[in-house]
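Down below are the structures I want you to see.
Consider the two complexes below, in which subunit A is the common component and subunit B and subunit C are the respective partners.
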Partner chain A sequence: MSATTEPVPGRPARVRGPAQDVAGLGIGRAFGFVAPALLLIGAFLVFPALWTIYIGITNYRLTGVEAVSPSIVGLSNYTRALNDALFHNALWLTLLFVLGSAIIGQNFLGFALAWTMRRARPVVRRTVEALVLLAWILPSTVVAYLWIAFFDRDTGTLNSILGTQGTAWLIEYPMACLIIFNTWRGTAFSMMLYSSALQAVPPSQLESARMVGASGWQTLRDVVFPHIRGHVLTNTLLISLWTANDFSPFLLTKGGPNHESETVPVYIYNVALQGGELGYSSAISFLLLIANLLVALLYLRLLRRRS
Partner chain B sequence: MRRISRLTPPALLGAAALVLLTGCLGSSDSGSGDQDANRNAEATKVELTIGANSVKGGKNSAGATFTQDVLIPKFVEAQKAKGVDVTVKFQGDGSDDEVYKQKLSLDLSNKSGPDLINIDGIWVGEFAQAGYIKPLTDTVGDAAKVDEWDGWKQIPESVQQLGMFEGRRYGVPGGTDGRVIYFNKKLFQQAGLPADWQPKSWADIIAAGQALKKLPGVTPIQLNGGTAMGEATTMQGVLPMLVGTGATINTDGKWLGNSAQIREVLDFYKQIYGSGLGDPVLQREAKGRDKSFAEFAANKIGILFEGDYFWRSVVEPKEGVAKMADRDTAVGYALIPASKPGAGVKGQDFVSMSGGGATAINPNTKFPQQAWELLQFMNSAEMVEAGLDGAAKITQRTDVNAKVLAGDPMLNFVATKVLPITQYRPGLAEYPRISAALQQATADVVGGKSVDDAGKAYETAVEAAAGGKDKVTTN
Partner chain C sequence: MAGIDIEGLATVYPNGVRAVDGLDLHVADGEFFALLGPSGCGKTTLLRTIAGLENASEGTVRIDVADVTRMEPGKRGVAMVFQDYALFPHMTVSENITYPLKVRRVAAATRTATAGRTSSELSLQGLLERRPGQLSGGQQQRVALARAIASEGKVLLLDEPLSNLDARLRLEARTFLKKLQRDLGITTVFVTHDQAEALALADRIAVMQNGRLRQLGSPREVFARPANTFVANFIGSTPMNLLDGAVAAVSDGGSVSVANGSLPAATGSVPAGAEVTVGVRPEYLTLSDGDVNGPSLRGEVVVAENLGTSSLVSVDCGGTLIGVTVPEESEPAPGTSVVLTAPEQRVLLYDRESGELLAKQPAAVG
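Right, the complex of A and B next:
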């Protein structure tokens, strides 16, 4: 991303007009070079997206008559989604999930770890980094099993630690559990990104800040943050999009109890496979796709404004 | 360059993709009607796969063990005598029924999946409508070949219905079952309740629950509720209660909406889960049903509503998923009473619900003739009896039942006392969605909503599932 380039005063950030043909390939050959990549993108990204749009305007179902001969129903799937209380519920829960576990949880915990570990002894830093990374690289199913065991009502680790036998955490506080889980799960990325971003802060400036008696908070705000603002935006964009599309909540709660932790991806799955309504679920998938694009655009605008 | 690459290729790809898309969906099965039913009929090297939701050491372990260790070797041997080299594979599964159904529908919609597929009787309608399974006479090609199988004479009409849709046979049923009330005699003794307990009304059940409530650490009643248990909620919970109010879920083609009887059932849930007689949290847990089994086996649940499956596959001392070594002395069973004596469906004092599975042939099998042979072999008197292996189960065949009935008191009880008063679910394509609406209604009540609110939400859901207000009745 453009965040790592050092702005040079007096030079325009972007080249206006078409770029020059620096490599001297000519349009035909240049297109030949990118064609394989474009084909892959077409086959695995553009085609499924269009397919989703197409299924979304039909009443296609997993079983029954509509599985053989679905008919085009126009936009009625979309109007239904706009009036669907369960979809609104899913949107709200997704928002909570992204806000709680990505924007606040992973961002802050990741930064805090990166900032404190900066000065720590290498052995401590490596150990912490390895542990945090482990949470990130373990397969979802394994992690889900561990967390179910942790939160379990009868023999769960958490209940043994707190002495609260019989508390069904995943039933009584499903969203809080998921937010904690996902913060734990995804902090590694933010931590690594901020660790390398912090290297870009010139030590001399930190030193000067210390010399003039700036407090820790003032140093962070006035010295560190201006250097890493681009990283913060990039990181927040990536982790919010990942979190909004994350399916692992399903492995912990299946969206339950009674839809209380049904984020949009889980809702799409439940509608598509448990309810068998492939048409309707495709329409919701497309809405999710649009929401993702809007979020991405918003972040990109913010990123651009800064330069 | 930048401009061109930004706009043109996506546009080109989009156009190409749209061309590919046009008319793809759903039309895919138009060709399969032309398949030759006698394809590979003379093959000497045959490969078949049996798919079922059972797995050794897990769900329905006995069934998987039998298929793998007895049925398949015997069939292979019999075919070898005819000079045919058959390889039969067993594709076991150990998941929740809903998950198994999803997997199967996805397989079948892509023209793959096992050659013989074991499905629940209530899925036959929607699978048939989707073209995922076809009438046996179509798949096998020769109607006489199917209809003249001598096994049909041994299978009662009501049981054959499990594999039928709109009057045509899609599969061979694999026996039936009945729902009863199980109770823990040890807990009953501690609570001062009789060992030969037989409630006569719902009030008797509540009264026994209140006596059990005094025991520490004991959940008095487990009546399946909520969406997490799927069909187990409908079949073991809502429907047996509903027939106890005198209503059935579908009468003369109309689905039962938010009627007094539905509210009566929901109110019974409220009585149990609103007053500490049941464990509302368990109904909401992802693995709640399995946990309820484990708790019953650990003497922590007093009363539990289940089918005879519970007796032969759950608390069964040797191979059950929640073994109870003292099952025969510790577990009692009783008929499910109507809400009040005489208030049940057809004026009955006691009620039950029955279901069962069927085995169908995958229409896209490479070896339709051999698959039909295997299906007959599987349902022959010899194999059905061997499959029992001394366990309690109502088989599909009258001749086998006559032989083994006397051996097991529980089997006897279900066959002689429960089956005469039982009801079957309607084999209609809308049923699974109606069932989901019933589950949601109990979930609402268990979760604390009022009976009236849950009933209203149920009405809306049923109207959507049934396809209009005119297909729903509220009286």
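Right, the complex of A and C next:
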């Protein structure tokens, strides 16, 4: 008798073959690898988000009776938001902030820098890139302090340069200051993204356009832009969302004067911690989340239509 | 239509490399002109300098008499086809072809007419609404050519026009390209590293090395009488035999001693006893098994390589390997004793030191 068992013809032995996925892990082990990440995401992202939705339908407050025993108030926080002039103001300012500093400011400045630095000497390019990057990687508090010093009424750098001593920029033109500040702060990302995107444009196509006498604008429109459309969409989405959720305006103006620079994240903070209305601020947070989601969905749609 | 005049042209890169180094060249009106050389010889840089994509550091480029040395590429009246064709992937074939006209803001009706005319010239009918990604390599190349032609330049520049095609298509495209150039009569300069391509297509060839011109002449001249050992080595699908030798006799029916024998040679003004490099193409050597009159070499067949309609036979002549091509079916077996000889005008003498062709023998072209 043979010691080895012959497989019966027509009935293959029930051997568990290697898993059919790319890494050959199988579902069990693959889940094991992602479980820690899923737990962290669940604990620090999904749970707080669900908690926010819950608080949003209560009258939970920072202090007082409702802090101890909040009661469910249904959608009244949301109906209140719909009629809240300060919330409308915050939405409008956020829109301005996103449009001015992200969609226009960072996008255009980032692209312009990437486009001009493409042919610059390596020394110049590296220096500019390092400076732009520095604005991006410095902590918000440090940067905010620098800009407060820059805009300061009495000893500000800007007033010294322009000879306009006594102009309180952050009080007289708070939104303009914030837009300039955030453009400066966030351009690095757009510049780097566009720098690498531009490398995907074949040089021979640029040269072809040059050979037929295309102007700089025609080259951008006909050759460069069609190649980097996906990058433009991705970049615009990311910087729009980041800017809409950005809290650093608070560090410069605290939303003032008189709510003139109170973007939605700043408003949420003021409502929650200055006003103590945690329930209402959670409702607004949820509305901001919905708005972000809508923008992201719109973007995904655009991207899919492209391909 | 226009000729190209290049005088003392040098193109120096920022790192100091002189890619084109003091070049004089004239391309006649309507000529099909090849820039040939190994990679790094400066041929592409020269083409790009003519196009205006590289700045000339010294010298001048004239197209149709006008000095274009400092002119923008778009204003030179030059059309160029890039090695990768550089078609715009997001535009249809028709839009690609008429892009030069769109840049000049030509009316849409005229553009459509041009697209129709040019595409039929290049047998692209029926493909006008496709995108480049849906075309074969050969079709893409023809679209690139159509775009260049539609721009109505005075001069057409082609960078390695056949190198992106597979071997079979390359021959087809070669014939097509030559016929197209003949039909259009447009002055055309193309760059290639493939000597067979240059020989097949060009009216004249400029062989380049290290940014300098090594020989300028018709394919026949360049093949039959290379001006130096560099060109001799570079041209020809089987390498030229370059052998150490010495002039044996200078009178009528002069000869050079090579290896273990001698070959007839028109020695011209080269004195007897001069040490030279003897160049003779395998195609011009004849192989026989009996005695021959006049100077000849004796040897033994080492190996025979089949080249299709002929075979390259390596013959050991007293320790020196000499290549000779023989027609198919007359290929000798290895070990056979053979005799080699060549017509006098096919044996070229080069200076041992400089590698330049000696003895301005009467040209044996024809």
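A few notes on this one:
Here, the second predicted complex is superposed on the first by the 277 of 307 C-alpha atoms of A that agree within 3 Å, B and C clash if a C-alpha of one lies under 4 Å from a C-alpha of the other, contacts with A are read in each partner's own complex, and residues count from 1 in each chain.
One rule holds in what follows: contacts are C-beta pairs under 8 Å (C-beta built on N, C-alpha and C of every residue); 3 or more make two chains touch, one makes a residue touch a chain.
Every value quoted in this text rests on a predicted model; they were computed, and no experiment measured them.
In the model built by aligning both structures on subunit A, subunit B fits alongside subunit C without clashing.
Judged by the touch definition given at the top, the superposed model places A:G256 against subunit B, while subunit C stays out of reach. Of the two partner chains placed by the overlay, neither subunit B nor subunit C lies in contact with A:T155. When the shared chain is aligned, subunit B comes close enough to touch A:Q274, but subunit C does not.
Judged by the touch definition given at the top, the superposed model places A:N83 against neither subunit B nor subunit C.
Of the two partner chains placed by superposition, only subunit C is touched by A:Q218; subunit B is not. In the superposition on chain A, A:I27 contacts subunit B only, with no contact to subunit C. Residue contacts after overlaying the shared chain place A:T58 against subunit B, while subunit C stays out of touching range.
Of the two partner chains placed around the shared chain by superposition, subunit C is the only one that A:P226 touches, whereas subunit B remains out of contact. Once chain A of one complex is fitted onto chain A of the other, the partner contacts of A:R210 are limited to subunit C, with no touch recorded for subunit B.
Set against each other, subunit B and subunit C touch different numbers of residues in subunit A, with B touching more. With chain A used as the common frame, the shortest Cα distance separating subunit B from subunit C works out to 31 Å.
Only residues 18-19, 21, 27, 30-31, 34, 38, 41-42, 46-47, 50-51, 54-55, 58, 60-70, 153-154, 168, 170-172, 253-254, 256-258, 273-276 of subunit A touch subunit B when the two sit together in their complex.
Residues 51, 53, 72-75, 78-80, 82-86, 88-91, 99-100, 102-104, 147, 151 of subunit C are the ones that touch subunit A when the two sit in their complex. Considering their complex, residues 1-5, 9-10, 13-14, 16-18, 20-21, 25-27, 29, 98, 102, 105-106, 109, 123, 126-127, 129-132, 226-228, 281, 284-286, 291, 429, 432-433, 436, 443-444, 447 of subunit B touch subunit A.
The part of subunit A that touches subunit C in the complex is made up of residues 202, 204-205, 207-215, 218, 222-223, 226-227.
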